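The structures come next, written out as structure tokens.
First chain A sits with chain B, and in the next complex the same chain sits with chain C.
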Partner chain A sequence: MIVFEAVSFTYPGAARPAIADLTLTIASASLLAVVGANGSGKSTLARLADGLLVPDSGRVMVDGIDTADEQRCWDVRSRVGLVLQNPDNQIVGTVVEEDVAFGPENLGVPREELRSRVSDALAVVGLTGLERREPHLLSEGQKQRLAIAGALAMRPEYLVLDEPTAMLDQRGRTDVLGVLDGLKLAGRGVVHITQDTGEAARADLVLALDAGSVAYLGHPAGLLGDASLMAELGLEAPPIQVIADELRRSGFTVPEVSTAEELVEALWR
Partner chain B sequence: MALVAKDLGYTYSTGAPYESRALTGVDLRLEKGELCLVVGSTGSGKSTLLRLMSGLLEPGVGSVRVDDAESVVRGSVGIVFQNPETQFFAETVSADVAFGPKNLGFSDVDTAVSDAMLAVGLEPVEFGERSPFTLSGGEARRAAIAGVLAMRPAYLLLDEPTAGLDRRGREVVVRALLEARLKAGVLLVTHDPGVFLAHADRVLVLAAGQPVFYGNVTDLLEDDGAPFDVAGLVLPDVVRAQVLARSRGARIARFAFDATDAARTLAGALGGPS
Partner chain C sequence: MKVPVTFGQYVPVDSPVHSLDAKAKMGLVAAFTAALFLVDGPLGMVAAAAVVAAAVVLSRVPWRIALRGIRAVVMILMITLAAHALRWNPATVALVRVGPLAVDAAGLKEGLFFVVRIVLLVVGTSLLTLTTSPVALTDGLERIMRPLARVRFPASEVAMMLTIALRFIPTTAQEAEKLIVAQTARGARFDAGGPIARARAYAPVLVPLFVNLFRRADDLATAMEARCYRGGVGRTRLHESRMRPRDWAVLCLGTLVLALVGITL
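Showing the complex of A and B:
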């Protein structure tokens, strides 16, 4: 588990804390979505989870290890994989397979295992066949998946992803969401930071942040069903839900639907 | 007066064993006051097209002309890259936004800077003296767009300007771009065309570097948005709901691009609560 205990963090020179008195448990084999407006503290939370930032007060424990303990810094980092928003900032290799191998190679992983880790990670994200490609020749979506593969090659217990689908088209999104589901089923704790409430609806739990504090933590339906809380948090309901709600308000009977197909199926039998 | 691409093509690493043809046969014309969308799956050549149209890459085949000049003229075409907030370098937001107009020798740099910041909803008094590195993701994106708007380009090219923005940030950027269109031609690459479809004069759909559709939104949706299928794209949910309803016999004369409007359109087609 990753446990946030009354965590606060303020960036140097900032007027208010980016994270304020946050308490949260991230379990293995689960998918937690984190939503909130820009500047609500989502990315800071990601950096606190893997010890890239340490709290000003309170503490973050990763499988019992305090992220502020400098002696155990690498134990924390190898347990928590972090995929940041912009893949261009995280790609270091001159070809794809080198980039994926970078992390585990630095941990001293033996050559044979290194090979299997790289090929496994590339298979999971669907980049098999591009091992020798130069990263700058990849499309943005491929780069994003490369960044995820780099984190996976570390075989982390937890994976924290900061808006991994923001740069992807619909198919790329579906691929990455499938990867996240697979990781959860494989027993990993996955934290998915996203602007898209439709993506958040697929999670086991959703955390909504507002000015660094918990505004909602619970089942996605509880948040998505609360239109006034959504508006207050600057969140947008999935469009199909908006259409269904509007139709209900106009007196139509519409069941719970989440896709355009389901909506039309329900209305035009 | 227009930014015009003729039979445009480009191949990366020509002659190398891994040479890859990124773009072939693109014809495109962007006039001032127009909004043109470019959509396509990742790797379809969208970003390459923007680099060619802005003069950053020399066409391998075909040509790009600005207002009938032989090539792209510096200062007339502004480009906002993906994740432009990674390119800040000045100590304050206003110094960063001022960099372009200063280099172009503007006599009214201060006005250009404050106009551009206001256009993206960043109050100069509040944000001007802050370090760009202390901005939130959404604020940083808007500051980066302001840096290009401040150069008052006749043609404005943007690569995924709303990706990663929250609802409010997106609304501000959309408004800023529609305002920029009053004076400039706007060419916008996006995988989330949603709200822009309501305003677009033309859409170019790319698949594997080739144009599969170039025309207005009505024609694009004529055949249930078939060019999107060909390009491996999915229509935005709001539009797809209406397309699906129409294929089931619903009478829909005009598509709505906003969820609330779409609900009204569907309610109208249904005729009233059953």
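Showing the complex of A and C:
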């Protein structure tokens, strides 16, 4: 469990806090989506979860370890995998497989296991066969997959991904969302930061941030069904919501739904 | 306007020299350099030249590329030759004499000896970078420097630094290209005017390039920390080039031959 207890954080020199009084629990075997406008504090939240940033007040506990405890910061970071927003700036290796191996190498994983971790991680993101490719020769979407593979190879308990599908095509997007579902089923806690409310609808829990504070925390349907809150937060409704709204306007009684399956189910009744 | 994305001088072909372990090659280059400075007769120079020629042929690097390194030292070669061969008002008999300036036969011989030594040194050592990929070179360097860790030399960190530089050279070159295209689209000219005007045209490219470089460095540091990088201590490696029996054999025999050449000739 990752627990945020009344966490506030202000960047040095910034006028207002990037995260203000945030309380949140990220459970294992669950998928949490984080949405919010640009600058609402999503990336800051990711860094706080990993202990890369330490709260000014309140605390973040990862499986009972305080991220402010410098002696145990590597414990925290090996438990929480982080995929940053810009893939190009987080690829360290000169070829694909070296980059995937970078994290486990740092953890001191023995060489035989390194091999299998690298090939497993590459298989999961669909980059098998590109082991010897140089990163600058990859497409943006492939770089994004590589960044995810690099985090997966560390076998973290929790994985925080900052807009991991932003540059992916439809197929890549489906693949990555499938990977996230798989991780959740394998008992990992997944935090998926996204601009796409359609993707957020698939989560168990959605957190909407507004200027660093919690604007909504609960089931996706509750946020997606609330058109005025969505507009207030600068979020765009996914197509399925637009359809549901149209149906309501045409006189159908449609409950709050967040996915196509739920809508079909509701209409059947 | 094209910024070359390939860099360094590595010639990627298959050859016995290419497949030799980087550490063995470094050892041989060191032995070769030592031999070159021990040799003190023309016969020794001929033997050293034969060694270099054989290595170039084996490496299948085109002669044009193998000899390219000489271009950089032409000035040094000319100065060396002049310093040895030219005499001011010599008492001895000279080969050629122009006023007080004369070319001395013994000096010319000596000068040529030094010129050949520099040429062989350049061609021989550049064969290392021509036949070893930058990645293999960095790995080999780290391995060789590792004993220095005992005297607190950060060998692993230096190797990491080189790796990151290698990783970001092409990315930065691509970015420079993008910036040049963007500035050209806005009417900037990179090919007009004198050298100063041309240099000035690059300012709008270099400034954002450096700003981005610093931002990149910041992000990269965060990403490395997130992936638990904490220096070389306790780090394992996916690839560690191992010296195979063949590498040892080539290194030992090669060193032996070079030692014989250096000592006897």
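The criterion applied here is as follows: the second predicted complex is superposed on the first by the 244 of 269 C-alpha atoms of A that agree within 3 Å, B and C clash if a C-alpha of one lies under 4 Å from a C-alpha of the other, contacts with A are read in each partner's own complex, and residues count from 1 in each chain.
Everything below uses one rule, namely that a contact is a pair of C-beta atoms (placed from the backbone, for glycine too) under 8 Å apart; a residue touches a chain by one contact, two chains touch by 3 or more.
Predicted, not measured: the structure shown is a model, and the values here were computed from it.
Chain A has more of its residues touched by B than by the other of chain B and chain C.
Of the two partner chains placed by the overlay, only chain B lies in contact with A:Val242; chain C stays clear of it.
In the superposed model, A:Asp88 lies in contact with both chain B and chain C.
Within the superposed three-chain model, A:Glu97 lies in touch with chain C and out of touch with chain B [touch as defined at top].
By the touch criterion defined above, A:Pro110 reaches chain C but does not reach chain B. Judged by the touch definition given at the top, the superposed model places A:Leu168 against chain B, while chain C stays out of reach. By the touch criterion defined above, A:Gly64 reaches neither chain B nor chain C. In the superposition on chain A, A:Gly251 makes contact with chain B only, while chain C stays out of contact range.
Shared contact residues of chain A with chain B and chain C: 86, 88-89, 134. Across the interface of their complex, chain C is touched by residues 47, 50, 52, 74, 77-78, 81-82, 84, 86, 88-95, 97-98, 101-111, 114-115, 118, 134-136, 150-151, 154 of chain A.
The touching residues of chain C, counted against chain A in their complex, run 5, 134-135, 163-164, 166-167, 170-171, 174, 215-216, 219-220, 222-230, 234-240. Considering their complex, residues 11, 13-14, 36-39, 43, 85-86, 88-89, 132-134, 137-142, 163, 166-172, 195, 234-236, 238-240, 242-243, 245-247, 250-253, 259-261, 263-264, 267-268 of chain A touch chain B. Those residues of chain B that touch chain A in the complex are listed here as 12-13, 18, 20, 40-44, 47, 82-83, 86, 134, 136-139, 160, 163-169, 191, 194, 232-234, 236-238, 240-241, 244-245, 248-250, 259-260, 262-264, 266-267, 270, 272-274.
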